[in-house]
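Below is one structure, written out as structure tokens, with a few remarks after it.
Should a chain be cited, it is by its letter among A, B, C and D, assigned in written order, with residues numbered from 1 in that chain.
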Amino acid sequence: MTTPSLVLELKQVCKHFPGVKALQNVDLRLFAGEVHALLGENGAGKSTLIKVMTGALAKSSGDIYFNGQQCHFASPAAAQRAGISTVYQEVNLLPNLSVAQNLFLGHEPRRFGLIQHKKMQQQAQQLLLRFKLNIDVTAPLAQYSVAVQQLIAIARGVAMSAKVLVLDEPTASLDSSEVQMLFDVMRQLREQGVAIVFITHFLEQVYQISDRITVLRNGSKVGEYLTADLPRSQLIEAMLGKELQQLTQQQAATAVAKQAEPLLVLQQISVKGSLSDISLTVAKGQAVGLAGLLGSGRTEVCRAVYGVDVLSGGEIQFGGKTLTLQQPADAIKAGIALCPEERKTEGIIGPLSIRENIMLALQARRGWWRYLPVKQQQQLAAFYIDKLQIATPDADKPIEQLSGGNQQKVILARWLAINPQLLILDEPTRGIDIGAHAEIVLLIKSLCQQGMSLLVTSSELEELVAFAGKVVVLRDRQKVTELSGDNMTAQHIMQAIAEG
Amino acid sequence: MMSLRYLPLWITAALLCLLFGIGGWQFDGFASLAVVSNLFSDNAFLLIVALGMTLVIISGGIDLSVGAVIALSGVATGLLISQYQWHPLTAFALIVPAAALFGALMGVLIHVYKLQPFIVTLAGMFLARGLATTLSEESIAIDHSFYDAIAEFGFALPGGGWVGASTMIFMVLLVLVIMLMHYSRFGACVYAIGGNSQSAQLMGVPVASTTIAIYALSSVLAALAGIVFTFYTFSGYALAGVGMELDAIAAVVIGGTLLTGGSGFVIGTVLGVLLMGVIQTYIIFDGSLSSWWTKIVIGLLLFGFIVLQKVLSRRTALTTVAGSTAHG
Amino acid sequence: TTIGFSQVGSESGWRSSFSESVKREASARNIELKFADAQQKQENQIRAVRGFIAQRVDAIIIAPVVETGWAPVLREAKRARIPVVIVDRNVQVNDDSLYLTRIASDFTEEGRKIANWLMQKTDGKCNIVELQGTVGATAAIDRAKGFNEVLSAHPNAKIIRSQTAEFTRSKGKEVMESFLKAEQGGRNICALWAHNDEMALGAIQAIKEAGLKPGQDILVVAVDGVPDYFKAMADGEANATVELDPHLGGPAFDVIAAYLNGDKDIAKYINNTGELFSQDTAAAEYQQRTNK
Amino acid sequence: MKQTQPCADTLQQARLARYSPGSTKASARYLWPLAALILLLAVNLLLDASFFQLSFQDGRLYGSLIDILNRSAPVALLAIGMSLVIATGGIDLSVGAVMAIAGSICANLLLQADLPLALVIAAGLATGIAAGLINGTLVSYLKIQPIVATLLLMVAGRGVAQLINQGQIVTFLRPDFAWLGSGSWLGLPLPVWLVIAMFGLSQLLLRRTALGLFIEAVGCNATASRYLGINDKAIKLFVYAFAGFCAALAGMISAADIQGSDANNAGLWLELDAILAVVIGGAALSGGRFSLLLSVIGVLIIQSLSTTIIVSGLPAKFNLLIKALVVLLVLLLQSDKFRRQLSSVLPKWRKGGQA
């Protein structure tokens, strides 16, 4: 390995939002041919740093050096022209355009100034094959699940990266096989001398792929370390500013489930064009995990149970009664709640405050007439901000100004507030830092113990195993098998997903 | 399999033919080339304006100023030709760039100062119409040999049809705008901004220059429409084109473009304008409706049409989806 | 016979009476009338005329929304040998063979008539407030022109305030209220001159609400002669108006019938500028008009 | 249930150290529209020294300020309804036509032998609600885009009003109904009272229940709102019906004001004024937060502008030009960027601002 050259350097960068010092005197060094992990808990300022670095946000002060020269990117387009390509947190693609257009926007192959659509589609097809995605590139992006969109965003970033590739939580909604695929691609790029910034909350991934780590906390830099020199416990301490309490691995939930009566029974439900003949049972106080690959239909099961998609066949029984669901409100009335996967479009109500986002579901169930007094709203918000450690100055901040992970916590709080009989969590820990992650897993367990039933989708099999009493494996929108008890290990689930 | 994306277009076209067929069956002389060619020449200005409107709406904006810009460009044309004795072509050469500037200024207000397009262009509408009335309250007749030549220019179709200069200008502009929207990077950027301008910004789309160009282009097309309007009426009048922005918007939306931006086709807009034209022609041929029944019937026909379009595309979309999953 | 009639729209009660009278007249004469409402848009009118030509009607009547811009489509009609009668407003064309005849009142003359009446009444000494019609409308421009022409001969009479009230009653009331405030509660105003009756009727209410007596404290003059205005005159709240006859259907059909019967000797302009009415005859006229 | 960790409190405090809450106040939203209004009124005062004079005549206050309030009543009512529609991300172009329909229904009923006033008013309001329900159904259940859905009623609705009136102005002689438009109570014109009442009741209805919040939630993100159990379709239906109701009330005021129903011109283009007012008040047409008070301030700005134009004595042909320039100025004043640029151009101003 030759001596690596410094590609990008940030010195004493500050960024202030009204009311928040998001970044305070942060330094960052990025060398050619390295994977540099940028770590920190939710709201630490990682995404902000990326945005400042790539011209998406104007910095308040500080200097940026690119290839040794001081520079200033006025817009992401300018950064892209200089050779920095970025995949921002929250898929920032255009749902209305086709996959191919998304991949090549601004770089379309042209002849005589006119775009060659056919050629573009072929190139897009090839690019995606690198990520083992064989999809119709002429279809609008909106047709694909978040995970696929995430892969497409990464493919776009990779295709355009000349010198620097920045990935902000690219693996949040990916399964382990896709993550490995991504890592293969990253290694290739590293080989070619590309510098990669990688943000994640999965520490295994950090140790798998990164060479160097920069840790942020509360908007300031804690330190820069070589990955090889930094044990996991020290890393966690650097991030959180305290030690993480070890999770006690207990199998309490399973025991409860054994004798409990069934709460939710799906009998061969089908949804036109998406699900066929799925049956499963969730008992009172039981947590059931849904596992499967991308597009295996996990999200669609959740949507069907929640009344978003209307059944074309089969029956849903809930608490012994047959449910006919036309819209989510029906499900909520029956005692079902869903924490959706697509936070930005289906979860948060951006301009409304944290308080309102938390109380809305409760209010919707009470009806418009019985308004929850503001005092109670504030108590409710304060309670959950404290309990879920949501980093915010006050409960009246618009939720869209929170960091991604903190938004996810608010959505969770919204559903906890209505205390449903069955809570469906579609990727509840997506983008959540490890401190909060541990807390959420604990929370789920305690919810089960209090008698709430859960249906949880997660790409992290370990997480599922940690709290689920039973795991249902889906493939191609059909149920493959059910695992419980001693059979229920990450290993076995993987096997079931792969073979069926 | 026919792509689902084009489905609304086909349905619109089919309904257009249906209405035309009904008219032809009901009235003598309705199903003739004369009526078809009139459809284009009588609506040439609206078609041109609607092209620009399509662009703006696909980008997620709206342009309420176009009707007033038509009036302003007409009055300016009239003044320059009749009062200052300019040659029409020199007059056009001044007016079109001026319109571009006007549109660009609105674009700047929208992008740089983050003002809402609806309101900026509403102010633009007041401004353009105010300028037009300030220039001349009275309608200005245009009398110039160039205009006579324009009126004679064209070729006849069998059955009394006539393809005139206005129709040809529209056809040329149509091809240009289709190229621009569907085959150029600029067009891709317009769709991108309409999809989500923040994401587009993050993906490296030059949002500022594109937004400004979009509004400039819309104003240019409106000014051209104003010029074509003077070919049509041989005059410039400050009250011309009142409410035409609403006609254009309606045509664009009927043509399947979403007002939220990001999706739509230029050709759909053309179908939309033609549909409204056929409805007008139908009512004229009928000739028995009083003023108020005219309004009510136009409303009802448009309503029936929009609902039919909705129902048909939903039903066909459902059956094709079901069909494809059954096969796949 | 089939006759096409392209009407401006239905922007006022006067206009609606006009349309109705043409229809009534047509059915009385067994004429098949093709009526096209243009909703105040010239392009719609041109489209309608072209539609009539495509249908090969026997004659066309146009009540033009603007004066300019008619030459091309009139030429088309001439080529198709369809006679055209212009009613209500004028058209500006170089070649008057393009239409058969023009039946219209002279807006400028209306303005002059009412101004003369007012000058006589006030001995040429008067502070006038003016309610204009829609900015750009021919009727507004020409009535103002005629009125101001007369006024220029009277140095002691002048228009002290002038603003558009868009030919509508409610705007007339609103603008008049402001005028009254701006002119010391109206004490400064000697007469109100409105480009049509509707605006005057709105203004009369404003004057009354301000505690003044319309027709006495402030003279009221206008143009059109709608029934409500005759009633106001009969009640002494308005002073004079020049009638604009909405019954243009009869004369137009007469001319067309004559032409179709081979009469080639038709005057190019049939003037039907109405009479001036004042309070003296108002009650009787109102009676007559409401009974009809 | 509350489980606190030993060091969590200090940790949270450390985290929050970088936040300084409450720097963007809600009251800032009111500043610039109000400033624009005051500026316009001041210009009026310059043009006409007696502008702020109020006198007491025949049991009512009399003066230009009262006129502005009185004249803005119909648009204010429209704007109250329009605020809600816009808050859900919609728009209602039909309100002008609905005004005309309600006016013509009332006028024709008043011509019938002595119907009780309450019945006539109820019929007018019911028409408005019915029209609104049509709009709402088109938008929420048939999923037609609001501009087009309401454009249909804008075109056809005026036709219906003209049909009812047969194209004529239907005048009536009913002092009790006319009182709605030109009467006064406790010194203020009745339309002003109606606006105050409507404003107060709406405010109660929207802010003392969760309705206002639901409307805002649907406007910000309809999908997410549906996911959390709000019936977004019903909410949309409601706002259009509400806008129809307000429009009908406005239509009755206008009809009562001139003691006649002018189907051709009642409410013509007033929808644009109402939308303009709501936006001048700072609302986003894409939906979201609304403030009825700001919308009403927007209406007052527009009405003062009209008055200024009339009082100024400039030829009528400049009206639109002036309106355009003032509107642009008011909009620019609300833009942070413009204010920043302005303050860097005017250094004195900046000093004043800092002091």
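Everything that follows uses one rule, which is that a residue touches a chain if its C-beta (ideal position, glycine included) is under 8 Å from a C-beta of that chain, and two chains touch if they have at least 3 such contacts.
Owing to the predicted nature of the structure, the values given are computational and were not obtained by experimental measurement.
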So which chain is the furthest away from subunit A, centre to centre on CA atoms? C
Using mean C-alpha positions as chain centres, tell me how far subunit B is from subunit D in Å, no decimals. 30
The distance between the C-alpha centres of subunit C and subunit D, rounded to whole Å, is 35
Where the centres are mean C-alpha positions, what is the separation of subunit A from subunit C, in Å? 71
Quick one: which residues in subunit A touch 2 or more of the other chains? none
Give me the residue numbers in subunit B that touch at least two other chains, ranges are fine. 133, 137, 290-292, 294-295
In subunit D, which residues are in touch with two or more of the other chains? 162, 167, 317, 319
Got a list of which chains touch which? A-B, A-D, B-C, B-D, C-D
For the complex, give me every residue of subunit D touching subunit C. 48, 50, 57-58, 62-64, 67, 71, 162, 166-169, 171, 182, 254, 257-260, 262, 264-266, 268, 307, 309-311, 313, 315-317, 319
Touching residues (chain side subunit B, partner subunit C) in the complex: 27-30, 32, 34-35, 38, 42, 45-46, 133, 137-141, 143, 151, 160, 229, 232-235, 237-240, 242-243, 280-281, 283-285, 287-292, 294-295
Please output the residues of subunit A touching subunit B within their complex, sorted ascending. 56, 75-77, 80-81, 86, 88, 92-97, 101, 105-106, 108, 110, 113-115, 117, 138, 140, 156, 272-273
Subunit B contact footprint on subunit D (complex, rising order): 93, 138, 142-148, 151-153, 155-163, 167, 272, 275-276, 279-280, 284-285, 317-325, 327-328, 331-332, 335, 337-338
Within their complex, subunit B touches subunit A through residues 3, 5, 179, 183-185, 188-189, 191-192, 194-196, 198-206, 262-263, 318, 321-322, 325
